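Got a structure for you, questions after.
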Amino acid sequence: MSDPFAGLAAVLGTAPVHVDPQRQSRKGVPEIVYAAGKPPSLTLAAVRTLLTDGPTGRVLVSRASRETTDTLRAALEPDGVSLMTSTSGETVLAVRSGAVAPVQTGGVVGVLTAGASDAPIADEAAWVAQEMGCHIVRADDVGVAGLHRLEAPLRRLRQDKADVVIVVAGMDGALPSVVSGLVDIPVIGLPTSIGYGLGGGGIAALLSMLQTCAPGLVVVNIDNGVGAGASAALMANRVAAARRS
Amino acid sequence: MSDPFAGLAAVLGTAPVHVDPQRQSRKGVPEIVYAAGKPPSLTLAAVRTLLTDGPTGRVLVSRASRETTDTLRAALEPDGVSLMTSTSGETVLAVRSGAVAPVQTGGVVGVLTAGASDAPIADEAAWVAQEMGCHIVRADDVGVAGLHRLEAPLRRLRQDKADVVIVVAGMDGALPSVVSGLVDIPVIGLPTSIGYGLGGGGIAALLSMLQTCAPGLVVVNIDNGVGAGASAALMANRVAAARRS
Amino acid sequence: MSDPFAGLAAVLGTAPVHVDPQRQSRKGVPEIVYAAGKPPSLTLAAVRTLLTDGPTGRVLVSRASRETTDTLRAALEPDGVSLMTSTSGETVLAVRSGAVAPVQTGGVVGVLTAGASDAPIADEAAWVAQEMGCHIVRADDVGVAGLHRLEAPLRRLRQDKADVVIVVAGMDGALPSVVSGLVDIPVIGLPTSIGYGLGGGGIAALLSMLQTCAPGLVVVNIDNGVGAGASAALMANRVAAARRS
Amino acid sequence: MSDPFAGLAAVLGTAPVHVDPQRQSRKGVPEIVYAAGKPPSLTLAAVRTLLTDGPTGRVLVSRASRETTDTLRAALEPDGVSLMTSTSGETVLAVRSGAVAPVQTGGVVGVLTAGASDAPIADEAAWVAQEMGCHIVRADDVGVAGLHRLEAPLRRLRQDKADVVIVVAGMDGALPSVVSGLVDIPVIGLPTSIGYGLGGGGIAALLSMLQTCAPGLVVVNIDNGVGAGASAALMANRVAAARRS
Amino acid sequence: MSDPFAGLAAVLGTAPVHVDPQRQSRKGVPEIVYAAGKPPSLTLAAVRTLLTDGPTGRVLVSRASRETTDTLRAALEPDGVSLMTSTSGETVLAVRSGAVAPVQTGGVVGVLTAGASDAPIADEAAWVAQEMGCHIVRADDVGVAGLHRLEAPLRRLRQDKADVVIVVAGMDGALPSVVSGLVDIPVIGLPTSIGYGLGGGGIAALLSMLQTCAPGLVVVNIDNGVGAGASAALMANRVAAARRS
Amino acid sequence: MSDPFAGLAAVLGTAPVHVDPQRQSRKGVPEIVYAAGKPPSLTLAAVRTLLTDGPTGRVLVSRASRETTDTLRAALEPDGVSLMTSTSGETVLAVRSGAVAPVQTGGVVGVLTAGASDAPIADEAAWVAQEMGCHIVRADDVGVAGLHRLEAPLRRLRQDKADVVIVVAGMDGALPSVVSGLVDIPVIGLPTSIGYGLGGGGIAALLSMLQTCAPGLVVVNIDNGVGAGASAALMANRVAAARRS
Amino acid sequence: MSDPFAGLAAVLGTAPVHVDPQRQSRKGVPEIVYAAGKPPSLTLAAVRTLLTDGPTGRVLVSRASRETTDTLRAALEPDGVSLMTSTSGETVLAVRSGAVAPVQTGGVVGVLTAGASDAPIADEAAWVAQEMGCHIVRADDVGVAGLHRLEAPLRRLRQDKADVVIVVAGMDGALPSVVSGLVDIPVIGLPTSIGYGLGGGGIAALLSMLQTCAPGLVVVNIDNGVGAGASAALMANRVAAARRS
Amino acid sequence: MSDPFAGLAAVLGTAPVHVDPQRQSRKGVPEIVYAAGKPPSLTLAAVRTLLTDGPTGRVLVSRASRETTDTLRAALEPDGVSLMTSTSGETVLAVRSGAVAPVQTGGVVGVLTAGASDAPIADEAAWVAQEMGCHIVRADDVGVAGLHRLEAPLRRLRQDKADVVIVVAGMDGALPSVVSGLVDIPVIGLPTSIGYGLGGGGIAALLSMLQTCAPGLVVVNIDNGVGAGASAALMANRVAAARRS
């Protein structure tokens, strides 16, 4: 009897990742491998290609499961690749042996969190922006339940000449609106999935930011630290380029 | 031929309002006629009964359409009843000739609004609380887009010894959380339907208040000025009664 | 080769909790550490600081995972700190050796549940209110499926002179509206996530409370026992203070 | 030039109503013409056919706009057809000259409303059930904000031996659950679109009924008085048929 | 030092279940213990009381976790109590030694499922109705994807003189509307949580049933087999009682 | 003083429509002007350009307000352009003097409606498909409340060799699933906004179709007759082309 | 004592699957066993019957849990049945010993994915279409974040004369609209549950496809690879049949 | 008799607007009066104060009803104030006699629309950015249904050295993701309420933008042209300031 599955393998997506090593030069954003929904082997293959063919020898992986991280570590560390994971464990930076740190652009990105529970997502945003060459000004747990905590960080943002500030908040999502009423730079609201009950999981935070009464606030999706960091760095780097020219 | 509709009228709700004139003494809240969905004649009948049989000769009507207000005015003013409508036109106070003003209880209720657009709903809350004998401390347009505007009103709340404060906000709904982090009295968040787009119509404001990170904040539904005012007055009046005793 | 991760650690939120030991005196609500989304080590650090620097030597932790509770127990009990967990296991009270019980204020808070499944959330509310010095009047499983069960608890609320009552209900959420129609004190509706299908997880209960036709009912979010307890105690303690003066 | 629209008319639905005059005998429910979305002329055509070909010479029209009602009246009254509209104006009963009233089946249907605003929808339910031969036991405005109003109607339901009871409620939708805990006959919850804010338009009422903790409660959609009435009559008429046999 | 937790235990709900052994006689529905959210020990205590004090020595438990079922089995079987679990494992029937089977009322309840995946929920409905004394007419997997499968079951419903039919369907939820257009008895739509994607988990099924264009269809919530069974039995038993009298 | 608005007009979108007259040859779908949100003058300008530059001298306008239709009629009829509006009045066909009817492709598209209220949307789908050269097989009011009405239309679809069938349904949206279980050609479900209450406005219909248990059913959005018609014609025309070759 | 559970087993759905081996000839779609919610033994029974009685000796199982797959493997492989699972592991093809591969129809179905994470769902669609005799043209990871990747696949679709194309996309769901603007064959949008935050789980992707501004796009539900594949094959096979005739 | 309404007027918000003329210097965003929900007289009072006390003599009013615009025109034009309204009629610019045009900052803002229906909202964004001193690069109707239309505008953005681009899209909301994959400057997605059916009113557009797979895209709420314009100008002006220094 002939193979009953003849032809079936041919229709499956055997190597479905197209890595785009030139994205960094075209877009100014490093290639970031989105690991959710991919088998670990697929993520590994993409990382390998980018480490080899990409311009920097540095690759970010987002939404990595523990299984994916373990797969990367087991396969890449023997080849001299260094790996570092973010606080949440979901973002991984892989660096080829001999790769250099990102060039500092002079762009300055502020990162504020409303509560300590928002820190892991803020870490991802800060990390992406730093990977894109920005200097980070960071302050945590300055939320609206005790507004007196907000004064010092805002003073520091001014002193350090931040070009843009990412404000990270879950639950009520009120801090980005408050900050946006007090500073004269663009504010990116980054809602987190902290919070339970109706409007929980970041819904209320996102909606409140979308409804802000303080003009100058833009938003990204819930827990999208990567997007907030990349957008902030694009803004700050354009300012920095103008400063340099 | 006999009447083809015989019996049909009998099954309709011909006089479906049961007024409850004793509610004021049992609950401490005056009878409020909810006019939405009622034919004007039904609302009129309910108001008449309460003016005659109730203990105070004063009746509040909420969610009144213009048609209902006109019906009340045309029917009641010739009988010496005085009517006053709120800013929004949806709340009406009817007062029988000779009725006296509510007894002052000594309870003090603060009412703050985030924006001027929130004022009509704040008016309804203030009105109900005053009708229940409270003194009102009011400040408007003190929202989070310019937090420096908040200092003076909070000082006045302390000076006037407010027992509870209603904070009225639409759009981002951030103000109640901010206020709740700064005062030591109960705060009632009253979301308004100001705002458009996703989370508009008061949804984001309500959800943000429900998700508040400042303990001590309770909420009522969107635009429910009547409920916020009644609850605030119940709280303040219980404090006032304790002060008197 | 230099450290490929140079600078990365600097942008992470290394100690992102700002404890606020003076909150109790400013707000009248004890500091409560919200543990969701925080690594256990962060929660532990916050609890330690509050036990040492705070005014009472008593700290509440909410939304604690089992891992967090174990971390607290292992680290703090050897130092003479006592820990007690609520029925749900998610609320933890840590008390420093030598700390005294909260001063009784004289405020009285009623706590009623619709069904036995609502009890763990009711426990949290009762616990917070007691920690703020209130006397608790409690009755369980008195829901609308058998209204005759409601008579005795309401009589006790009156006899014990409750200043405010928290009514805890999942599923249909009908009990708070029923109670609010029968008592003359403020009612706080506390919806629980009991229930499945459309409107499950507490949605129907919360919405039904927001839509109540009984004025005098305010609400907190689903399963927010901490918020309900803190708000009730703020109300009751203000009445009690007036009684004492 | 030939007709540029040749063939276009042929593809339009020129007479798209198929009336089903035998439905009454097959289903036990009279043909009800759903007028929403139909041009008045189409509704008129359907009514005419049913008056002529149907077994009873009586036709109900639901969700009729004023324009539809006017069209029916202008076209049918000159032919000796009598028309009666419900309180809401949206349900119309057309009766051919000489048609007799529905035969009384002996089935008994209770209809209770929580508030006076629910009465128009209750009218539709009562009307359909009566048109199907049932006796109606009706009581209005007996909602949960004052439970003492519920005693007398429940006593009457028992005295009149109701086979099923329709409980009509908007806003919090609590009454059907309360009634279902107190009676031993099937209860049909009929939510109405009374109420505003989150959960308004009948959403909270419907969800609360779906989440009932009192077994024995079934529901229909918001404002679906026709469906509640038809279902109740089907139930009551089956009981009545058993009683007769 | 005194006990730092003095008084805390007193405010917790130590025995929060009020069993209601007389419900069966008052409501005609046996006491059903809702186990979700209850610690197993609480469910056990409730079952014990009902087995001892209730009129029948038979108790149903719904939404039981495996842990709860194991707890019941370990504690009750040594005392001679027999336990049986439904297909889904979530419904448990406990029967005291010597208890008799339910008295047959003569009521007849049809139970149809659209797909085989709906069978476990249908089992719960059938079980409750049988526990209330009804005869069950059952047919499975007769959904709309192959309508020819529907003929035989509908013929059997007529032959066996079903008084009411429960139609169980997930996914598109179309079957109850189709059946309701073909039979002259009341139809209860019971949506199940079968289905994924938008409208999954039973949402589309429930909404489609609520929107039915076939009058005579009432619904219960998603997966609420207990509610559907109890309602159907209430209807059928009232018919049966009329037949007997 | 200089013009205070200097430069402002320059930033407004003065002629923001780019008509794409070659779309018909590239896509096989005629240019359809979507009029919602456009000032009538803009729609008129687009129609004029397409009538002049397009390959057929025929232009469809969808979602036209009455004001837009009047504008088109007043401006174009004097130039010899003929206009025809669909039943709903929202779709308009403009034909230049001398333009010829669409070439018949031989593709056959079935169009079935569940209820008469669905006819106007079905008209739009039929019209677009006919404009693309298809033959239409139409049957109305064959919904699931009386399945015997479905036999004849399905027989006609087979006799006329329909290549694809559009099934139009609001409310419960059950008919497309039923039809898809009975035919061996692709079925396009076209939900309409008929229906009120939860799941109303076409939501339940769309979700039920998305959840269909009958493979072979694809859907378009609520009331999107244009999209259903264009998709059906693309399918049928590809079959017809194969038949011709 | 008699059996306390007498009669209970009789009301349970003991063999609730009705396999429909003739569906393939009637519908052109092979019988696919939907395993979600079924106990593995039930799925096994259905597969056995279809392997034996069906026309092809080939059966697809969708939404199979690992437990179900293991059950099938253990029971069927000893009988000479071969099993193959898709990339996601949720679709299983069982082939009886001696069964032949599907007859090639000549229909051509394109399958494009926006990202590599969409590949497993695309595999299911491709597999079903191939099982129905179609030739598959596949290209992966060609999404809108780098549109230059789209050129080659579209060229191949034209060269290979695809009759229909399935475009698979999660997150923003933009690719199907882009493709539909560029090709002249029907496009089936297949949203996947890739994506988190608001609009995550495939919601944004599905809604964006439903709202497409490119006519000629139809959709199936999130992750419904089986439905997309079956619909595409129905379309392509009808074209192929016309080509052959 | 004394005034029955004594004290009532005192609790209403008689002058609830606090204008903040210094906001422009503090925030870099001109004061914009949000007119929704305000009586026209209140909006007028705010505009008057800002024209007199503000630094520029120019005031923007957003969400103005026709009644508000008429009130402004009637009251202000006699005083030499010039008014200009946007295409939608909802945004109004009032300029005091003698006021000068905004100083050009050198910042460059691109504005692209997907369809002509999006133009009015794009106008508002462009207007606000121009009022803040930016140069606008505008292109319309370049949406994804015909991607070839996108080349020229993107070339112009590069030639004119845009610092940021606002991409305006309703319906599927796909264009911002496509543009964000092609440019190396920040992109602000501005969803519009164009579109009907599920995901209509801008919901699908907003969700698709939030779910973008192209990093570097931030969003504002549906129809929030004012917010998009202000944010873009803040970004561009910071770049321009760096260029000047």
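The chains carry the letters A, B, C, D, E, F, G and H, assigned in the order they are written, with residues numbered from 1 in each.
The rule is simple: a residue touches a chain if its C-beta (ideal position, glycine included) is under 8 Å from a C-beta of that chain, and two chains touch if they have at least 3 such contacts.
Values in this document were obtained by computation on a predicted structure and should not be read as measured data.
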_chain H and chain C - chains in contact with each_ = A, B
_Chain pair among A-B, D-F or F-H whose interface repeats that of C-D, sharing over half of the contact pairs by residue number_ = A-B
*Chain located farthest away, centre of chain C as origin (C-alpha)*: F
*asked:* From the centre of chain E, which other chain's Cα mean sits the farthest off?
replied: H
*Compute the distance, rounded to whole Å, between the mean C-alpha positions of chain E and chain H.*
56
*chain B and chain H: spacing of chain centres that average the CA atoms, whole Å*: 34
*Give, as an integer number of Å, the spacing between the C-alpha centres of chain G and chain F.*
28
_Where in chain G do residues touch two or more of the other chains?_
34, 115, 146, 181, 197-200, 203, 206, 210-213, 221, 224
*Which pairs of chains touch one another in this structure?*
A-B, A-C, A-G, A-H, B-C, B-D, B-H, C-D, C-E, D-E, D-F, E-F, E-G, F-G, F-H, G-H
*Touching residues (chain side chain G, partner chain E) in the complex*: 1-2, 4-8, 10-13, 15-18, 20, 23, 34, 36-39, 42, 46, 63, 193, 202-203, 206, 221-224
_Residues of chain F that touch chain G when the two form their complex_ = 26-29, 32, 34, 163-164, 181, 183-186, 188, 206, 210-213, 215-221, 226-228, 230-231, 234-235, 238-240, 242-243, 245
*asked:* Considering only the defined contacts, which chain C positions touch chain D in the complex?
replied: 114-115, 143-147, 171-174, 177-178, 180-182, 195, 197-200, 203-205, 207-214
*Which chain D residues qualify as touching chain B in the complex?*
58, 82, 84, 86-87, 93, 95, 97-99, 101, 111, 113, 115-120, 122-123, 126-127, 130, 136, 138, 140-142, 146, 149, 170, 192, 194, 196-200
